[in-house]
Amino acid sequence: MTPGAVTPGAAPARRLPERALAPLRGLAGLAGLVAVLEVLPHTGLVSAGYLPPASETVRALWHLLAEQTFWTALGDTLTGWGLGLAVSVVAGVAAGLVIGSVPVLRAVTASTIEFLRPIPSVALIPVAVLLYGADLRSKLLLVVYAAFWQVIVQVLAGIQDVDPVADDTARSYHLGTWGRLRHVMWPTALPYVMTGVRLAATVALILAVTAELVIGAPGLGQEIAVAQSSGAVPQVYALVLVTGLLGVAVNLVARAVERRALHWHQSVRTEVTG
Amino acid sequence: MLDVRNLRKIYTGRNRNVEALRNLTFHIGAGELVCLVGPSGCGKTTLLKCMAGLLVPTDGEVLLDGRPVDGPPPGMAVVFQEYGRSLFAWMNVRDNVALPLRRKKLGKARTRELVDHALDVVGLADAHQAYPWQLSGGMQQRVAIARAVAFEPKVLLMDEPFAAVDAQTRAELEDLIRQLWRELGVTVLFVTHDIDEAVYLGQRTVILSKSPTVVREDLAIDLPDERDQLHTRSSPRFAELRAHVYEQIQLAKHHSGDTDTEPVDRTPGSAPAPALQKTQP
Amino acid sequence: MSVRTVLRRALLLLGLPAALLAVWWYATAGSTDFYVPPLSAILEAFGKVWTADRLLSDVVPSLLRLAAGYLLAVAAGVGLGLVIGTRRVVREFLEPVLELFRAIPPPVLVPVIMLFAGIGDTMKVLVIVSGCVWPILLNTVEGVRAVDEVLDDTCRSYGITGTARLRHLVLRAASPQIVTGMRQALSIGIILMVISEMFAASNGLGFTIVQFQRSFAIPEMWSGVLLLGTLGFLLSLLFRFAENRVLAWYHGLRRDRRTP
């Protein structure tokens, strides 16, 4: 707010060409990366045995795309990721709402959550191997353990953020527990839930790939391990690139969903709390 | 001391260019307290930023002691309207005031003396250790003023410093500014959109037109030097001056660098500015 | 009165963990399941396995590698973040590239970096750096971008420029975001510390635990899991302690904004 500033539209806006340049520059940056990766092995600075030229990686990727095993592996990774994420979100939201809306439960569980949450999910790898072997269930155990905490912690933060005035208003109009949950707590907590889902989606992908890489559960991670041990270096890079693109896609989708939820939330909040 | 000559500022927008300042020329003598007033959105902040060397004008120049301003000059301090954003939230009050002095390398003792004195005169002697966000809005603006005072500037530029504080605090701060100005002998340019403030504070009031901005009138405020909120504001001369400035501002709303002929009288029944109501006893 | 509050808080803090441990203890007390030994056996193994020698030969190297990799990542991430964040053109060039690197699940870097750096300490430290640097870097860029305009003008008008501006304005203003990035990086670092050792190592926590698992030393393996969990908890505690000191102003500011 700067009254006395300037007439509307007079803000020192960036010049049009500058703004249009941003995406172009980004593309140029990506092209630059590809060029560096292409040239570097030829200069002899880095052995092509460690870092194949970009063109070879692309060729390897092209061959992969034609193979059934690649698509199966991609499907396996996505299955582990999606199932694990779904379980974590449902369990995290349910547990978060119950614990968050009952103050006693919240107080009693706080220390336990704070203790369990930072335990690295990878600590469970040996347990998972023993109990389930190189199974989808191993992957799910790791994914769910890591992603669940992201969700529940955000849900709890969201419920804590409920405006006391809104809650008192709801009480004074004799809204029951369910009504308050539905009309006061849930709308406030929703953006937090979405943030939790976004974080969980990223973490779930990391742990799904980790389980495949380390335990040998079928999926892209296992393909990378196999390619690496058989010396198929361009394949390793091609698969790493695929996981990266997968990560970018997960990020973009999760952020778009989050933004929509947040938008809706603010309009609702102003209605509720005036 | 401070000369503004043919100052012009055009913002290059996305689809169009906006001329915020058309042609401004005025002079501030050493030790003067000048108020700058104009209708809302008349480019006051733009002008102040050009004078402070924070914004490069499109045309014309600002001279400080005869030297053109082409960046923030060393002898100048600025107090912004947004006190909450102009203080370092991660430093306590004392460090906020002391930070600009580091560069001056005055020595520890002298720095401490300056900071203590500055906080003392703005009435914050017992808030040294507090963080800005622990203080009320008026107190935060006092910190910003103390920082300027400790800096010992020759020129103090203030950009609507009291626009966001409540009326009672504002009156106290206005008196504080007059007191500081008289004690320190500093040159002050005080930008405001509040007509009462513009009349009460200064020795002169420069009235601006709406954007694209020109100087509409340079008015001498012939009130006695001893001013206080109660008597000055209820004096007949104050009322006359206020009425005059008010009228000029109303006219200025329809008048800019684009309309050279005198505009029509203000439309009957137009609501008076809220600033007028505040001073009714 | 105060004794009662203390008791109440102690009960809230320790009640559930104690109850859970008790359940674990009694549920597994007579366990004949080879994979799920009694808690008493695990604790007994814990005392036997994690002796001072063991801690020195396996836990300390792991933690040193983590510390080295993490600190390097912080230095590189904050340094590059400052450079990229303050120059719009550089930022626009690099943003998609950085987003891509950030999105790569860090564990897949283990086999890639093994190609270059073999299986020694260098590889493990590099793996940790290459996983931890992205969240720190990108959060620093965000933080630097968001430096308040009015505060920046204030600094300029008081002649606070160059390194003073960097130190007193940019770094401090961006510190909440930098810390967020560092927090994300810490949990990634722990994951990578363990995984890089599981992949290829001759010592370290991850290596030892996998050895126990492969040789079916089940109580010992569980004790390792317990130790790893405790380490994760302690590191996050340490982080929170440091954060509360560095960002005291920020937490205060936020609390203040919440309750007008």
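Letters are used for the chains, namely A, B and C, taken in the order the chains are written, and counting of residues starts over at 1 for each.
In this text, a residue touches a chain if its C-beta (ideal position, glycine included) is under 8 Å from a C-beta of that chain, and two chains touch if they have at least 3 such contacts.
Keep in mind that this is a model prediction, so the values were computed, not measured.
Novice: Report the chain whose CA-based centre is farthest from the CA-based centre of chain C.
Specialist: In terms of C-alpha centroids, the chain at the greatest distance from chain C is B.
Novice: Have a look and report which chain pair racks up the highest count of C-beta pairs in contact.
Specialist: So the pair of chains linked by the most contacts is A-C.
Novice: State, to the nearest whole Å, the distance from the C-alpha centre of chain A to the C-alpha centre of chain B.
Specialist: Each chain reduced to its C-alpha mean, chain A and chain B end up 49 Å apart.
Novice: Between chain A and chain C, what distance separates the C-alpha centroids? Give it in angstrom.
Specialist: Taking the average C-alpha coordinate of chain A and of chain C, the gap between them is 17 Å.
Novice: Going by the contact rule already set, what residues in chain B reach two or more other chains?
Specialist: Within chain B, the residues that touch at least two other chains are 82.
Novice: Report the residues of chain B in contact with chain C in the complex, numbered from low to high.
Specialist: Touch list, chain B to chain C: 49, 52-54, 71-72, 74, 76-78, 80, 82, 85-91, 99-100, 102-103, 131, 133-134, 147, 151.
Novice: For a test of understanding, state which residues of chain C touch chain B in their complex under the given definition.
Specialist: 148-151, 153-154, 156-160, 164, 168-169, 172-173, 175, 249-250, 252-253, 256-257
Novice: In the complex formed with chain C, which residues of chain A make contact?
Specialist: Per the touch definition, chain A meets chain C at residues 21-22, 25-30, 32-33, 49-51, 107-112, 115, 117-127, 129-131, 205-206, 209-210, 213-214, 221, 224-225, 228, 233, 236-237, 239-240, 243-248, 250-251.
Novice: Could you list, by residue number, the parts of chain C that touch chain A in their complex?
Specialist: 12-17, 20, 35, 89, 92-97, 99-112, 114-116, 187-188, 190-191, 194-195, 198-199, 206, 209-210, 212-213, 218, 221-222, 224-225, 228-229, 232-233, 235-236
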